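Shared between the two complexes below is chain A, which has chain B as its partner in the first and chain C in the second.
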Partner chain A sequence: MTDRRRINGPPSGTRPAVFASSLKSASGAATERPRRHRQPNELRKIFLKTGLIPSASGSAYLEYEPSASLAAARSSPQSLIPPSSALKLACTVHGPKPLPRSATFSPNLVLTTHVKYAPFAARQRKGHIRDASERDLGVHLETALRGVIVAERWPKSGLDITITILEAEDDRWWGDAPDSHDAPWGMMNVLAGCITAASAAIADARIDCLDLVAGGVAAIVSDDAAAEEGNSSTPKLMLDTDPAEHKSILSACVVAYMPARDEITEIWLKGDHSKASLGVDDSSLGHEALIDGAVNAARGAHTVLVEAVRESAERYAGLSNSDS
Partner chain B sequence: MASSAPPPALTLPPSQFARLQPHAYLLAHLSPPAASNQPSLRANGRQPAQFRPTSANTGSLTHTNGSAVVRVGDTTAVCGVRAELLPTSDIASWSVSHASSGAKHRQNTTKNDADADADESQIQDLNLLVPNLSLSTGCAPGFVPGAPPSALAQSLSHQILGLLHSTRLVRAEDLRVWYQVPSFGGDGDMDVDADDEGQKKKNDGKEIKAFWVLYIDIMIISLAGNAFDAAWAAVLAALRDTRLPRAWWDADNEMVVCSETVAEATRLSLRGLPIASSFCVFEADAAAGWRAVIVPDAEEEKKIEEDQRRGMQRRWILADPDGYEEGLSQERVCLVVDREMGKTVIVKMEKNGGWAVDGRELKQLVDIAAERWESLKLILEQC
Partner chain C sequence: MASTLPTLAIPGQRLAPVSSYAAGPGTHVQNANIYASIAGPVLVNPASSKTAKSTLSVSRSPLRKAAPAASPSAPKSTAPGPSKPRYNTLPAVDSIVLARVTRVQKRQATVSILVVLDESASNNKSGPQPTTTTTTPTGGSSDNDNIEAILSSAANPENHSNSDELRFQALIRKEDVRAVEKDRVVMDEMFRVGDIVRGTVISLGDQSFYYLTTARNDLGVVMARSEAGNMMFPVSWKEMRDPVTGAAELRKVARPF
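Up next is the complex of A and B:
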């Protein structure tokens, strides 16, 4: 059934543009997979700013630094196909506000999270109605934040957290897209960004928290450069992976981590990490190394978060001084 | 110690007074007591005819053909244009309707103005422009995220669609993907069977194989009044930024194929630069909105004019209202103007909610909108 509340396109539907270079599969190596120029434990820079949306009680805008290939493509555009993309999202917090009369009594703050991709956020056009993956992200985000907020301070109230993703991470390199049935790795980066941004927005709304929770991603990738040399491809642990830059990601992990309490509120681990023995002397299990890596990535994001929240606090202090 | 200072009188900080008595607060700002010698300003510090500072930024979103972020004060609109292809084989009525419109098209190819008629109808008939505005982004407390679009969002989407159609901003020619049918055999044969096979082949062997459909999605990230102006400016900036890849019909694969080279991509050639400016009317009488609407008779008009002569203003027309002012006024005016060769062209004029603005005042508003056109044009050209 067509959506009568929105303006629909042609009834027969439309097709995304097909580029000539992707048709010539044999000689399709005109463009190369973007390469990771960072060290395995080097994170992308994060731009995080609070208070951009004055009508909300708290808000944050988060943007990842574009990868080297994307930055090059931006400055001197050659191809209309972007090599990779960088996360951009806006988060708003409304509340604490009274629950509607119809709601049952709750002694705690009721947290609701909405994550929505903009229709132009990904390589494939997204629908206007939230799909299952977006709802899934919302649930993950809720569990990550529920452990952080001191919920019993606001009985009978609700807190709405809304995240609009303006640009999402790619799930894989676009050149691989037709034949790979990989897990959507980009979602994990998006979740880590959501957690960090939501944490900043909650602090901006002056909701009591145990600590600032930060999101981090680590992945075990089998390096294709080593495979080309003929070596048996040894899987490596990489922090803050951009899925477009790696040929195959064996497993990945997102954590929501509170550094001051050394606590993890949410963990999401995906993929096969049993085969990955990281180094000969390293006998530690794959998943432990993976979680440690993700925690390290979260620590990195936490430093940015602290700066953003300090800025928000200073702005608030200045505001209340000028008011009185 | 207790006797040294009298208990402080009950005072309210301005922000609380604004919440408790919004109407009186704005009125006090607009009509300060004559003794205080203060200028009449709005609560946000602007002149009645002053717009909020505006900034625009284009081309920052990776997965779009064109994108723009426009901030008007605290209202932020993000617009992304995505182009997808609609093959004519997918259009159910194509073979029937094309024959007639093609004939019209061919007759008028020499005249550009007449050609526009066919253009417009094709964009409208085939829904080639698909604007959708979303307010459920947490932009303001009232809008529930995840719910279907609110009445305001639906109305704004349709206003934008209507304006896109009525201004004929996008040319249909930019959206067509042509195919030159190779002529096998001599020209003489072509002429013979052209009469039987319909109009298509007579059109110099060219036929339309597909159309670009532009999905124009506007996310209002932050809403502080006057969403329409910001959304329309974002649409305009994003369309100016839009590049369509060169597309051609690949006869071997029987599909439309695009070139990824940026140098071959073409920008849209837009018709004019229509720019929207909105106004609202603030009445000094707080109950004006509640009363039964009565057309002021001649006596009343005289009284109002007399008051104005004495410097007692009863109503103010506020340009670019913010959320606070929008909540306090009933009457709205929206003007969309364009300027061609120094002349102001009114593209759209909409006024509702009251009787205050008359012809004389509308003329003044058009002048203000023309000034706004100049300033916004500079902003859009710089980004």
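Up next is the complex of A and C:
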């Protein structure tokens, strides 16, 4: 129901446009793109904790370590705009609970996933209704988890997995103009985080799983110091890329990976690196290399996941000690 | 081989080969190995006979005593009583449940399942029963605080409306109420809304309802309030009495233990 008689402001909050070319920091220097200080195969640190939401049967909170430039900007801000963002998300698991009246009989667990960005999570404000990208993330997450859960042990029941993203990854550096090979790269990092957090929350809810599934991201990027020196940019494989740190991401891959059985339940490849000038080591930059990189990143996330779930189990067993 | 078992398992952790143990609840088998499916303490149930293998399981519920389940002899000593792992959260066929009556119709009563009782505890009657049918809800010497909390909140009329959507619903059909004189059953004289009923699951039913039966002496109404609102005590298999007004009401009463 819109008000036609008055001129209303936009329904959601807006931000004034800031032009990167005109932007100068307080010291007069133009702001710089954040740079990757990690090794190509070095992951960001992950904070993962389970059981923070008491009303849910299982819950987890996940946070990525802020990049070095973001950490520096937080301690001594040069600009009002943070240079990059770090993923923060909360996952709740409700159930197993009875299916709604209208649902048909199901001998298995019925999995429902919801992924929602908080309105303030991204630089572009999100509405309160899930948009296409959020529904897309939900579908990806559901396929990732469906292969892990032992669904036949829970007949006639449903499981709701809800993820709230409190801070999302950027799709590119905010100062960059959107260009042709722009893609929602940040979404892939978000999906990897969602998979890891949901896996911890499901383990916390004690739903039967085949393994702890972990998410990992790898990307082929072509913006290094070499590119700035004028050489033809050599594409490189990087694990756990922060899209704000790279000028151009050629392709990226996110997997949901079960280390104990060496199986992948979900894979999402995006981009095209055929136009990258592949040198003699082109075999190392194929799709297999990209997937292997993502699997390695998932293995790294899995070590954190194991510790978080072990802590959850210990707390559960320890709690029974204290009240008996 | 027992010494290699971890105390605490996490999903996907390899526990033991199938050749040495049988897979119990909370585990699954892949490539002739037993893997944990849930996070929790590892339990070994010793085999009943010499030929059978011990059952390896991962407990879903916290143990009262943190039994070091690494050696097969340890759980044996702590097995009876409160340290027993208690409930799977889903009703299955033959499991004993406590349910609250939400609706009484001519042909059936609708109940909502409050708690699924441990199967092994209900099978051996000598063990401490989780509910005792005393006249007051607090007087029951239940071996677990959780049941008591659930039941006392369920018997409170203020809690009746809110959480029914989140509980599993079940039906007690007229012919499943008792074993004898099935055709003379009048549902109004068997259950009233708000009663707590002990029943056993006979079928997973259709998409929305489980099916329960109370056609056994130890099954039926365990807690009920009279029309005056007082907790009643059972006087016979089909009658309960209000201690304050002395009025008798008809119920299908469960045998008190």
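Keep in mind that, in the parts below, the second predicted complex is superposed on the first by the 276 of 324 C-alpha atoms of A that agree within 3 Å, B and C clash if a C-alpha of one lies under 4 Å from a C-alpha of the other, contacts with A are read in each partner's own complex, and residues count from 1 in each chain.
Just so it is clear, a residue touches a chain if its C-beta (ideal position, glycine included) is under 8 Å from a C-beta of that chain, and two chains touch if they have at least 3 such contacts.
Please read all numbers here as calculations on a predicted model, not as lab measurements.
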| item | value |
| --- | --- |
| Touching partner for A:75 - first (chain B), second (chain C), both, neither | neither |
| Chain B versus chain C as contact partner of A:39, first or second or both or neither | neither |
| First (chain B), second (chain C), both or neither touched by A:150 | second |
| Chain A: partner with more touched residues, chain B or chain C | B |
| First (chain B), second (chain C), both or neither touched by A:56 | first |
| Which superposed partner A:106 touches (first chain B, second chain C, both, neither) | second |
| First (chain B), second (chain C), both or neither touched by A:211 | second |
| Residues of chain A that lie at the interface with chain B and also at the interface with chain C | 97, 324 |
| Partner chain A, residues of chain C touching it in the complex | 8-14, 26, 28, 30, 35, 37-41, 60, 62-66, 82, 89-90, 165-169, 204, 206-208, 210 |
| Interface residues, chain A side, partner chain B - complex | 5-21, 23, 52-56, 59, 70, 77-82, 85-86, 88, 90-94, 97, 114, 116, 118-123, 125, 128, 130, 160-164, 166-167, 323-324 |
| For the chain B and chain A complex, residues of the former touching the latter | 13, 15, 61-64, 67, 74, 76, 78, 80-87, 90-92, 126-128, 130-132, 134, 136-141, 145-146, 148-149, 154, 157-158, 161, 213, 215, 217, 219, 221-224, 243, 245, 247, 250, 253, 255-262, 265, 323 |
| Footprint of chain C on chain A - complex, ascending | 96-99, 101, 103-106, 150, 154-157, 203-204, 206-212, 258-261, 306, 309-310, 312-314, 316-321, 324 |
